[in-house]
Amino acid sequence: MTQLILFNVFNGLIVGAFYALMALGLSLILNLSGVINFAHGGFLAIGGYIAYVLIPYIGFWGALLVAPFLTAFIGLLVERVLIRRLYGRDPLYSLLLTFGLAYIIEDGTRFIWGAQSVPYQVPDWLMQPLSADYFFLTGYRVFMVLLVGVAVAALFLILTRTRLGLRIRAGTLDLETVSVLGVNVRLLRNLNFGLGIYLAGLAGVLAAGMLGLQPVIGFSLIMPSFVTIIVGGLGSLPGTLLGGLLIGVTSGVTTVFFPSASEAVIYILMGVVLLVRPRGLLGEEGRF
Amino acid sequence: MVRLDKPAAEAAPVNGRMPPLSTIRLDKRAADALVWLLLLTAPFWMQWIGGYTELGSRVLVMALAAMALNFLLGFTGVLSFGHAAYFGLGAYGCAMTIKYLVPSTPVGIVVGIIVGTAAAMIIGALIVKLRGVYFAMVTIAFGQVFYFITFRWNNVTGGDDGLTDWHRMPLDFGFAKLDILHNAEAFYYVILFCFAVSVGIMALLLRSPFGRTLLAIRENERRARFLGIPVDRHIWLSFVISGAFASVAGTLYALLNNFVDPRALFWGQSGNFVIMAVLGGMRSFWGPLVGAVIFVVLQDYVSSQTENWESFIGLFFVLVVLFFPRGVLGIIRRRTAP
Amino acid sequence: MSLLQVENVSKKFGDLVAVDGVSMTVEPGELRAVIGPNGAGKTTFFNLISGFLTPSSGRIVFDGEDVTKMLPARRVWRGMARTFQITEVFPELTARENLRIAVEVASGYRLKTWLSRDADGEVRARVTDLLEMGGLADEADRLVGELSHGDQRATEIMMALALKPRLLLLDEPTAGMGDQETYNITQLIRKLHHDKNQTIVLIEHDMRVVFHLADRIMVLAEGAMLAEGTADEIAKNEAVQAAYLGKAA
């Protein structure tokens, strides 16, 4: 029994770290530009599929390196052409637009690669369990956690040590002041969006190895990202990280006792958080 | 179009001559009469343009849902993206009642409405203090809870396959029976009746002082608050009313298809309602009806032509947002206003 | 009894002291002006009185009742109405509709008002009165968002008036207006004060308006009260002159 619980907690942490990665990208975009990117899951799927296409040529590690950048590039284009027009307007419109994009991406990937899972090549040695006792500790899962950790650390460094990061953080607090100080706000939003999409693409490359790659992967992962942000708190990146881990573990533990409720439980958690602390666990006062 | 007050002078003669036709605002009552006339006679003229009665029924059901949503979105200014929840709960409530409890259409409808409205009351209370994008996100998320419940609870709800082996029961009025199961026209008129009652109540509410305070909240929440309007309470009420009528639409949806599946609760469905309201014109009373007509007909046509109709729907969303944000009636209103 | 008693009220935002121990007493029927250089804390002071913000310390007593922590909407029901520095109206509704909402809210939520023809007529009559008083009769059926700045401000003042307030708070009513509009608004406020005996507290920068209208003036500088008295007293006050010359008004 303990092994079962341990397995699910660990699995929950991994899945949680993963939700956090995705939600961080979503959060970055939301905080700076006020846009709910409903297509975030779609970009995740794009990341996975680009990797799938590249792996035969440059191997898994090459794809891991390249695919997120390509995905981010697509994100930059989308922001430039479509989303940029909607900034002054009611948030309704950007939500509808990204909604539509999510549909297009899902249908598009289905059209190109079919509705079934495609064989996604992860290096064999990664898939081996690390120890006979803890069979659930496959190399891949450990690797995922490590990579998410690295990504989060890198994000943290970017946000605190680089000029871009500083501007993003300042812009999140007060975009108008930042623009008055001479920062090119358009470019800032564009790059910020790209950064968020990079994380989505990275999440996609990783997710494909763990969950299998099929068109609906985007749709199925977008909602937990939303819940992560709501639980962790709007406007707070550490909150998003915490939220992701929390819902991952909650879901994991629930699987042991009430397997059929493992998806719904994260929404119950969300309901409880909203009741007790409407702005989320680490959310900022007066953000929305 | 909801006008609060008659203007002091409406299309009065200027210098003895009537102003040109294009500058006369369509008298609201004439527009209403036209709409009802078209709806009442639909089964007759639909055949001439290649339609069929069931399509008309479907348009009405979706229009009701979109108009219910618009009560909240267009008239109170609250961005709810999770209305499929109340729609779907109405549908399941009705279907499950007929299948498991009482094989009666009216009872099914009533239970469906109760279930959907209760959910709206509870969820509304939880989220009433939130605003803007945050509110929207939470409504989407809550919509999904119910999706998962219906998906997982398959021995009761039929899970992903949906709830089958039931159908709408004929209506027994004592002195006469109405076979709404086999007679598509008869059922169309039943739906139209429910539609009319619902729409009538919504119009009455919007035209009342209560409705005007909702407009006030939409226009300027701070000013509304500083006039002494209890804003949160009003938003909750608007949310509940909106959810209630969405659940009415849901019950009719289930009855129309003699089937209901989790897709009725999926966030995609919520998005469809919003796009119908936006496409037709959020600020007009009949806007969502116009939007529903266009959307349902288009979806019907495209899905019969290609497997990739989802891409078209997605593209449709994008185009409406970029080029028709004020909607069809919004554009017309601007052209004819003096 | 005084209508409004503000007792030693302060507001801190972290280390920043926006309002520092200010007291004020307003008698019924008075027109009090609050003036001071930019950044003196005048609007914050108003926000405390009207309930937009809660004081860090001090008390606010309105008509004998402690309203220090009361929510804004409830203060409105107690008889306080305010306008804002940036005009807050309902832009996509007409002036008539704006006022109608205010009048209806003020008359409460009785079913009778909704259903009865007479009540409806009363509402319409009152709206027409307010429109005329505010000089808005000609613009009544145009969208408020399209009206001139002065007319928008007049609409806002009339909406506040529709609530039949015992205390009217006006935050820079002539801000951003040219001479003609300033004159119109000043006349309107004067009419309210003299003809209707409305108790008014207003924040103003335009000294002509202040000296034309005010019974008493309070001067704020850097969050604290610098001086208080009649127009003559304030005009002669050296500290006030220094505050204004030291920082451009």
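The first chain written gets the first letter, and so on, giving A, B and C; residue counts start at 1 in each chain.
Criterion: a contact is a pair of C-beta atoms (placed from the backbone, for glycine too) under 8 Å apart; a residue touches a chain by one contact, two chains touch by 3 or more.
The structure presented is a predicted model; accordingly, all values stated were derived computationally and were not measured.
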item	value
Third chains touching both chain B and chain A	none
Identity of the chain that, by mean CA position, is farthest from chain C	A
Averaged-CA centre spacing for the pair chain B and chain A, given as whole angstrom	33
Mean-CA-position distance for chain C and chain B (Å)	42
Geometric centre distance via CA averages, chain C-chain A, whole Å	49
Touch list for chain B against partner chain A, complex	73, 79, 81, 126-127, 129-138, 140-142, 144-145, 148-149, 152-153, 267-268, 271, 274-275, 278, 308, 310-311, 313-318, 320-322, 325
Chain C - residues contacting chain B, complex	50, 72-74, 76-77, 81-82, 84, 88-94, 96-97, 100-102, 104-106, 109, 113-114, 140-141, 156, 159, 163
Sites on chain A touched by chain B in the complex	30, 34, 36, 82, 85-86, 89-93, 95-97, 99-108, 111, 223, 226-227, 229-230, 234, 260-261, 263-264, 267-268, 270-271, 274-275, 278, 287-288
Chain B to chain C touching residues, read off their complex	4-5, 7-8, 208-210, 212-213, 215-216, 219-220, 222-223, 225-231, 283
